[in-house]
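When the chains are written out, they are named A, B, C and D in that same order, and each has its own residue count from 1.
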């Protein structure tokens, strides 16, 4: 959507062909990911080059050995209006000055496509590597968020469905005290509450997707913020109940549940924490009353 | 759906014209409304008459002065299979032996269309007052439950929307400590959580209604049980938050909130308590796995 | 603690003898009870008299026919420092200009010792009716809060114990579907969670009372704020579960539960709402770190 | 408490001197740890020897290189009364037929003192390795549970205190959107709720410990069951809030929080899952009413 023809030839085609992977370098240790004004990485013009300095972590996909290019967000003009200060730039993984400091585990798991802590020291790329125009970083990030969040939410719902399936199977197979867990009132209630929570979250995600199609990501802002909170939170609840039904088998590596839990837990933080999205939902909800009050 | 032509002429027409009202006498003090086998009211054939004995309470609508007729559920044949033991019969309010013992308040409210505690002592009606055939009571009750529950759920959602609106207005109007409540993080989060919960519940109710239209109340049994739990519980949460935002004004008669709360609280009990519906959702959810296991 | 000898002879003795009752007039419709700066009732010196103007509601005890005197809080000096602007004054119920506008119900209940909405129009009392010195209103209110809150919390715990007892008795007496409710997993869990919540709340209240005895209400401020939130919230949860176990009998006047619920619900608002007390607990908790940071 | 003098010389002294470690082999993959009747490991007498066959997992401490001996629980007499069927036996780690199949991670963490999956194939030890008498296994396990659970609960509370401290420090250090997190209402409320929950849990644990000292573990059974549920659940809530305040730094290895979470999560399962303990609390609570009913 935002790349030039050259950029597409060089990176997008091999990406779509599956020959390379890309990573996304947005989050910084000392910045709040929900507040772009706190970014510290700089992208400075020097002749025909852009020079990048800073540190990024939770750089998604960077640990994958096929990862060939990063999209890096940084401050290109600290004097511009707040949401025009940032740019995005394509940086090859083999650029001089780019150092992977370490891989970042999640709850002890070292994901194979995982997250990296990366420093950029006078990393130099041609100015043509800029994604979109200078100052467009925030706008590109926003444009990508709607569909990106729907994607995360759908994965959350998929994990919750899988966890509920495992819970049901286990609850029928196990019978401590001579009665299948599935027939015990408390466990049955967990199953019911899980089904109800999944169905409600799915419908809300579908509604948000339908809103994006109809009025665009901006018009669906309240719905997108809502599902970003609802889907991972719901899935964590379902997975947690499934772990409890599995007992000791539910916290180790004989079930996929603890790994699901770890992945889902990051989603309550990534792309803005729950509390920021809830504040956004409230603001949108109250806007109608403010508008009415001013008329 | 179940009445004869005579019954329709005598009762349904004036009902639809708004000239009279009807009441529904199902619940008994010593029976669990979710277990029809515990009903104690009897409907005994005696020549061309039916003789009714027993006590009913939470008889919806019976306190309305326009109420002219009750639909009474009772045991007509204790030897029949469990779900064929009950019948429903039309009983005029002025029948000899029918005594309104008292009106039943909900919390401290005495509803004008309210609930009554009624005794039936050798109340005699012609056998033609039977609704449907003898033994059809449970089936009629079930047929009526699907649409009845959708109705209750929609009212719950309506009350929740009204409570959220009141909450938003109050949160903008009040500013203790010099800052509108609406701008305080905790109150804003209540507003957001309320909006999200309402939207999720509404979508689930709409889905259940659509299922009833497509596959009937029986096929939508899981969905109907789910919304019966979700909608009143959600609405109670929203109303409770609104009460908290209103402060002292929220518990008295200057706001509709405590009356909403009282009405909604009964919906977690009426037509079967939450815990019975959750068990039903679990049973339906597990049925798929049982079926698979038996193949 | 704050009255003169004359005030004690005139009011305190008959109070202690049970011949009269008193009421407390603090809350105003347009003020946040947690922010004394928003009070609008005025207490103005005029020669040897004090003249009171304003409106008070949720005036505890004022509807009791034996109520002979009110303690009224109002602004005596709007130019003084914030917490020295208010005074308290004794006002006989039969004072000219004091009008009981209406009784205030709680969730439909009209309490016999209940709350009143009262207007004061040029109500005149001798200056000797001042309680403590001029400007001491806030300090007196604070001094009274610690023990007053302990009292409310103990009543909350007593109600919760009573509700749990009723829940247990009912759960053993009722057996829908042929099995006592007490043996159903979900109901048993409600009983267990109720017992655990009551015990935790009681220990916290006892600790707070012990702290008040040891270091005074000011030193125990965090503990007092904590129990003010914990005890009514806990009790509401227990009473709500008891209502659910009682079914239809739990929402009407055949059980004390809905009235308990209504009373308890006001305690989450009276003397400052939960959210203000939680903010206070947080502030106290963080104070240790702030102090450390400044050293 | 249960060992012979020989057993103490051989194992207890080096244990207390820190020269060796021991492991505890109770849990089995196909048994519910809360129901001893489902144990499948056998301890069979053969002349002067005991022969052990079976599989144990979540064998605490077995992965520690200093671990020299396991206490193994197994069925010694399947014909005895239910709670006299099990015995405990000391098994040296180097016994022939004892195979460590694998280490068991918790979430993604491989604990250094960690859990092992172990098979016992015709493992032979002298009959003098029996701990206590034959059939005493369940009684020994019970005797050990009270103090063991207090220990786990105190560790839970310690972790919660540490997490709250981290949360406060982080909330003061971080200021996205220009205002410290600690001053944002929602975060402040998390801090307050955490403090209140910790204090309540601590008091309950102290009460249980005091009960054990006064009336023994059996008399304090309800209190022990209660704290087993309360303390880990409370601590998980606090740690989860701390993770949220830390953001991306809260799910990786730059903070101790996710490891705490993983450890605490196992405590809701180990030594009987929450739901079994809650059922036990309910049973004890209801016992008073049953006793009264039978008089």
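Everything below uses one rule, namely that contacts are C-beta pairs under 8 Å (C-beta built on N, C-alpha and C of every residue); 3 or more make two chains touch, one makes a residue touch a chain.
Predicted, not measured: the structure shown is a model, and the values here were computed from it.
*Asks:* Count the touching C-beta pairs: is B-D or C-D ahead?
*Replies:* C-D
*Asks:* Quick one: superpose chain A on chain B by CA and send over the rotation angle as a multiple of 5°.
*Replies:* Roughly 180 degrees of rotation.
*Asks:* With centres defined by CA atoms only, which chain is the most remote from chain D?
*Replies:* Checked the centroid distances; the maximum from chain D is B.
*Asks:* Determine the centre-to-centre distance between chain C and chain D, using the mean Cα coordinates as centres, and give it in whole Å.
*Replies:* 43
*Asks:* On a C-alpha centroid basis, what's the spacing between chain B and chain C, in Å?
*Replies:* Computed value for the inter-centroid distance: 35 Å.
*Asks:* State, to the nearest whole Å, the distance from the C-alpha centre of chain B to the C-alpha centre of chain D.
*Replies:* Result: the chain centres lie 46 Å from each other.
*Asks:* By the touch rule stated above, which residues of chain D touch at least two different other chains?
*Replies:* 184-187, 189, 275, 278
*Asks:* Spell out the part of chain D that touches chain B in their complex, as residue ranges.
*Replies:* Contacts found on chain D: 184-187, 189.
*Asks:* Which part of chain C faces chain B closely enough to touch in the complex?
*Replies:* Residues in contact with chain B: 27, 29, 32-35, 38, 57-58, 104-110, 115, 174, 176-177, 184, 186-187, 243-244, 247-253, 258-259, 261-262, 265-266, 268-270, 273-275, 278.
*Asks:* Which residues, counting only chain A, touch chain B once they are in their complex?
*Replies:* 164, 168-169, 171-172, 182, 185, 188-189, 191-193, 195-196, 199-201, 203-204, 207, 222, 226, 229-230, 275, 278-283, 285-286, 289-290, 293
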